[in-house]
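Each structure below appears as structure tokens.
Paired with chain B in one complex and with chain C in the other, chain A is shared by the two complexes that follow.
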Partner chain A sequence: MSLVDSMSMAKPNLESREKILSKLRGRDPVNCFQCMKCTSGCTALKLLELKPHEIEKLVNLGLVDELASSDIIWTCVTCLKCVQRCPQKASPYHVIMALRNLAVEREAKVPEAYMKAVSQILETGLAEAYQKITTRKMETCDRESLKLPKISGPKEGFQAAFLKALEERQA
Partner chain B sequence: MTRIGVYVCHCGLNIAGVVDVEKVAKYAEGLPDVALAKHYTYMCSDSGQRLIQDDIEAHKLDRIVIATCSPRMHEETFRKAVAEAGLNPYLVEVVNLREQVSWPHSHEPEKATEKAKALVRMGVARVKLLEPLEKQKVSVEKGVLVVGGGIAGIQASLDLANAGFKVHLVEKSPSIGGRMAQLDKTFPTLDCSACILTPKMVDVAKNPNITLLTNSEVASVKGFVGNYEVSILRKPRYVDEGKCVGCELCTQVCPVKVPDKFNEKLSQSRAISIHSSHAVPKIATINPDYCLRLKVKKGKKDVCGKCLETCEAKAIDFEQQPENIQLKVGAIVLAVGSDVFDATKMPEFGYGRFPNVVSNIKFERISDASGPTGGKILSPKTGKLPKSIVFVQCVGSRDKRFHEYCCRVGCMVSLKQAILAREKLGGDVSIYVCFNDLRSFGKGYEEFYRRARDIDINFVAGIPSDIRMASDGSLYFDVFERGTNKLLEMHADLVVLANGLVPSDDIKRINELFHASRSADGFLLEAHPKLRPLECSTAGIFLAGACQGPKDIPDTVAQASGAAAKVMDLLSSGEIEIEPLKAVVDEDLCSGCRVCELLCPFLAIDMKKEGTVGREKLRAEVIEAMCQGCGLCSAACPTGAIQIQQYGSRQVLAQVDAALAEAQAKGGS
Partner chain C sequence: MKVAVFWGCRILASQCAYEMSVREVLPKFDGELVDLCEALCCGDPVKSVNDFAANYLSARVLALANLTGAKDLLVPCNRCHFAVSEAKGLIEKDERARAKIVGLLKEEGLQYNPDTRIWHVIDFLHDLIGLDRVKKAVVKPLKGIKLATHYGCQILRYGDLGRVDDAENPRKLDELVGVLGAESVDYAERLDCCGSALTYSHVDSALSLAGSKLKAVQNSGVDGLIVSCPDCGIMFDAKQKDAAVTVGAKLSLPVVYYTQLLGLALSIEQGKLGLNLNQSSVDQLLAKIPA
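Let's look at the complex of A and B:
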């Protein structure tokens, strides 16, 4: 592709583009005609400035390197509105997920919260840790004080199986 | 001794850019019985055809193989050329090197050349076994059936009637006029739709050559080009067409309210009603699904009957029965039109849930002087004048979830409606159009777009993701605008969705009745998109208007006149030639099993009883004029008794042998 981003002097990375496209069977960003419906309805736009249509276009043009190392791809809150409403079935959500995978592969900096979530799952087997809650009457309660049964840790071999599953998804 | 001439066409670079045509020609020269092989840039050109004609004379050729584009394209051209040189036109074999070789194999030229060689080898093997055939002539009926009374059907009928043909115009609703009758004004000239359509509707009713059959549907179609037998079902109106004068007294006394379809259900009509204010014919019709007497107590005379009492012309007739009308026609014009996309399928826009979200066809009724608001643009929820209007483009079209095609009218319809709104509501109202790409491609359309910008209609490059309703019924939504890279929050009292055109509900029935194929988009398929755009692939059936694909009025009228001209071309001489490639039955082999009769989609097989009494035997006979040479019977016949001329086992197996010859020579099995 014979174009250069004059702002950053970035050149298209066709190899990475191909890699992303190959993971999106039937949901090609190449079909995107920039109607902006995804961005019009994007949950992460107003606070986090995620513009899915921009991501679609940049991937299309092969300008993926900057994207893969940017923070913006981690702002998607996976509400899937864009998947539902895209008239071209180009699905920005799936493109963003492919970009996140690419970022991890390149060992780019992944936001702490995501790493925390992964180690949380590895340790406890839960996506969300159970926590103490303060009520309106300023009482602190946890599972024990509410006499809820204890939650046991993950079964043996869970960590290995979880990591293996992650790897398989990568491939 | 057969002497075959082989001609390889370059088709410019279409074929020669991939296939090594010289090699193919050289290869063909070495095939048995080939007297000469040549290659040339354009075989279909005048000089290309002359090349064949000269060779036929100079080299005493008696069979011709032309390796070129699809036979659907130019087989007829080459047959004619060969016939001019004195050879029977059916001794030509066309080998397809373009659609079947160079185009699909453009990335592998060597393999493509090998495939081209193999196809030429098969063609040469086949051409030896072809037999000379003669075209047959059959006489034709001069009547024409036009199905659908919209602007397409009206235009085609008038053109044909004026040329002296008898036309039967069938319309399923009680009045002709179709979709165009519902429109307020038309782009890009802003003519009033009724003013240009109504005179044509009246012309149809007055023309002595046109029989108008409203409230009627085609029930069955038999026969073949030039000789179709059509049966029409005339549904009862329960009103005597000869007596009703269209005074509308009955519609004032009828107590049953019915959603008015013509007004897109924005208002109500009665169980007895006249289709619209400028209906042709202007005759009342009773809707049997709603009429108290017809529905609630069938036949009991004491129910309601208010119309019966009021009608001074004594036109009401509850005893009317459906009627079957048999017609003989030579050709059929299909002009069944299209429907408007149902936007309730797209929940994000709230159509159907939010009263102030309307479709573009509803807006036409709101804006039309004969519509429910008398031409005042009012918000359906509050009945007040809207302060801001937003048009949303590409609803249901250019959308893989619904219809992939561009509806071809949505942009222009919204421009027109925006201009009408500006004219009617004045400069204080804000008008926006949210668009993808604004397509103003026709003659005078781009100027129309400029006219809209001139009068301060704002264009927002972006489509909302969803539309929400505030408690007062007004609407608000976010749009990301690609020109400014800003998220805009828009508020509107009225949102008009640019719903696209979709194949009509009846299209499946039409497809079955007339053997009219459909394309992937669901519309009726033309025989060739460029060379035969007005015809169906079934001979004698023509297409006009939006049933063939979404169209605006100028294109529809042009296509309708074109289809009418094609009908005149077909029928004017009184007889037509039909292809001799038909099924033939070997009587000795036919066992009378009737498989062919059951399978034939054209009802071209007749089972005849033969033999002496007590030892009777059934035999299949082909009605030649009806057979289309499709070959279903031949493939299914258990004894091989029925064969298609030029495509019998002899010719096909020779081709198969030739296809395998090389493989065997190489030691394959």
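Let's look at the complex of A and C:
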């Protein structure tokens, strides 16, 4: 349990735990029996020491606040191997996503790129801006010169609807 | 056959080679491609921020597909394919979520259609069009060429969602390479991730993942790597030089989209397949293709 100092006074927060569970739609961490299949295949373990089975355990213990403010939840590559391989359908990926959502809700430190993607979507409908296209020989081209059709952005009502969805948070 | 296409962000923003080759190749198999009336994010990057808003975006994609009147929706990006499939599963299973999402769409005059079928390029060609038809269409067999395939993560997992191929031992892309006359080579790292999602927060680690895989593929002695996802395409092709620096390797591995390879076997002009847009050393591979 390296994410939490066991000698500290960290107290479980059952309310936060409930918040995470409500997002998991039955993929309950309580079913996790620490077989570590998730961690043994975790892409982010190799480089960033993400240990999904520890995340499951800490959520079970109610140490959710510590997780939500930790950098570790942002190291998941979303390769989904843990979801696939969990024999208990506990799905660390979905737990991590729920923890990220909670971190955003609490305005904890969130990698800027995610928030940038959201504002970009609000503005243009797309999470990414068009980039300059260059050939291998460094000639510049664009959609028109490549004979690709023009792309139109979202209609007027979209922005309001997306803002509303962002406010909803939970379904 | 009318097929709606949802391109997502990455293909439109930078992976024109994928878009061009899909647009060239599928009509050869009677696929009449219809773009959605709006370009939109699939919701995937929003999953980390706000799950509900992400599912709303994915559902909106399905509602836009419904407007085209086509029953089949082609989603050539793995990440978009996952987001849209997961939202579809949620709307089907969770009544409360369905009511909220359908309600929001209604405010915009949009309608969710549960009958829309979601396809990726791989299962569209392999299952719907069929290997036989693809094989029969080949006019320039790619004899003597050895290739490695990379499926990417999100079209394989997780199985409960109904994915494009088997999660642990996918074969469809290898078979699709095989019917073109080329040989697909097995290698230990074939299920390894390209690292793309980490570019949001840990760029060096992302490049390290891509570089390690590229190194392994190059060492297996193949003539190129076949991808079919814009995220993987960016990591292995556009960022190959950066990945090489990160892992301290000399990399010169041609990376092409499957639809580009198929286009070559169908004898479609290279320019039309966007083969001048790949940033990796594809000329190496093109030189080996029999005239």
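As a convention for this text, the second predicted complex is superposed on the first by the 153 of 171 C-alpha atoms of A that agree within 3 Å, B and C clash if a C-alpha of one lies under 4 Å from a C-alpha of the other, contacts with A are read in each partner's own complex, and residues count from 1 in each chain.
The working rule: a contact is a pair of C-beta atoms (placed from the backbone, for glycine too) under 8 Å apart; a residue touches a chain by one contact, two chains touch by 3 or more.
Everything numeric in this text was worked out from a predicted model, so none of it was measured.
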item: Chain B versus chain C as contact partner of A:Lys37, first or second or both or neither; value: first
item: First (chain B), second (chain C), both or neither touched by A:Arg143; value: second
item: First, second, both or neither for A:Ala127, with chain B first and chain C second; value: second
item: First (chain B), second (chain C), both or neither touched by A:Asn101; value: second
item: Chain A residues touched by each partner, larger count belonging to chain B or chain C; value: C
item: First, second, both or neither for A:Lys51, with chain B first and chain C second; value: first
item: First, second, both or neither for A:Cys79, with chain B first and chain C second; value: second
item: Common interface positions of chain A, toward chain B and toward chain C; value: 81, 84
item: In the complex, chain B residues that touch chain A; value: 348, 394, 398-401, 436-437, 461-466, 477-482, 487
item: Interface residues, chain A side, partner chain C - complex; value: 23, 25, 43-44, 47-48, 74-81, 83-84, 91, 97-98, 100-101, 104, 110-111, 113-115, 117-118, 121, 125-131, 133-137, 141, 143, 146, 148-149, 151-155, 157-158, 161-162, 164-166, 168-171
item: Sites on chain A touched by chain B in the complex; value: 31, 33-42, 45-46, 51, 53, 81, 84-85, 87-89
item: Contact set on chain C toward chain A in their complex; value: 9-10, 12-14, 16, 19-20, 23, 35, 37-41, 44-53, 55-57, 60, 82, 90, 93-94, 96-97, 100-101, 104-105, 107-109, 153-154, 156-159, 167-168, 191-193, 195, 197-202, 205, 208-209, 274, 276-279, 282-283
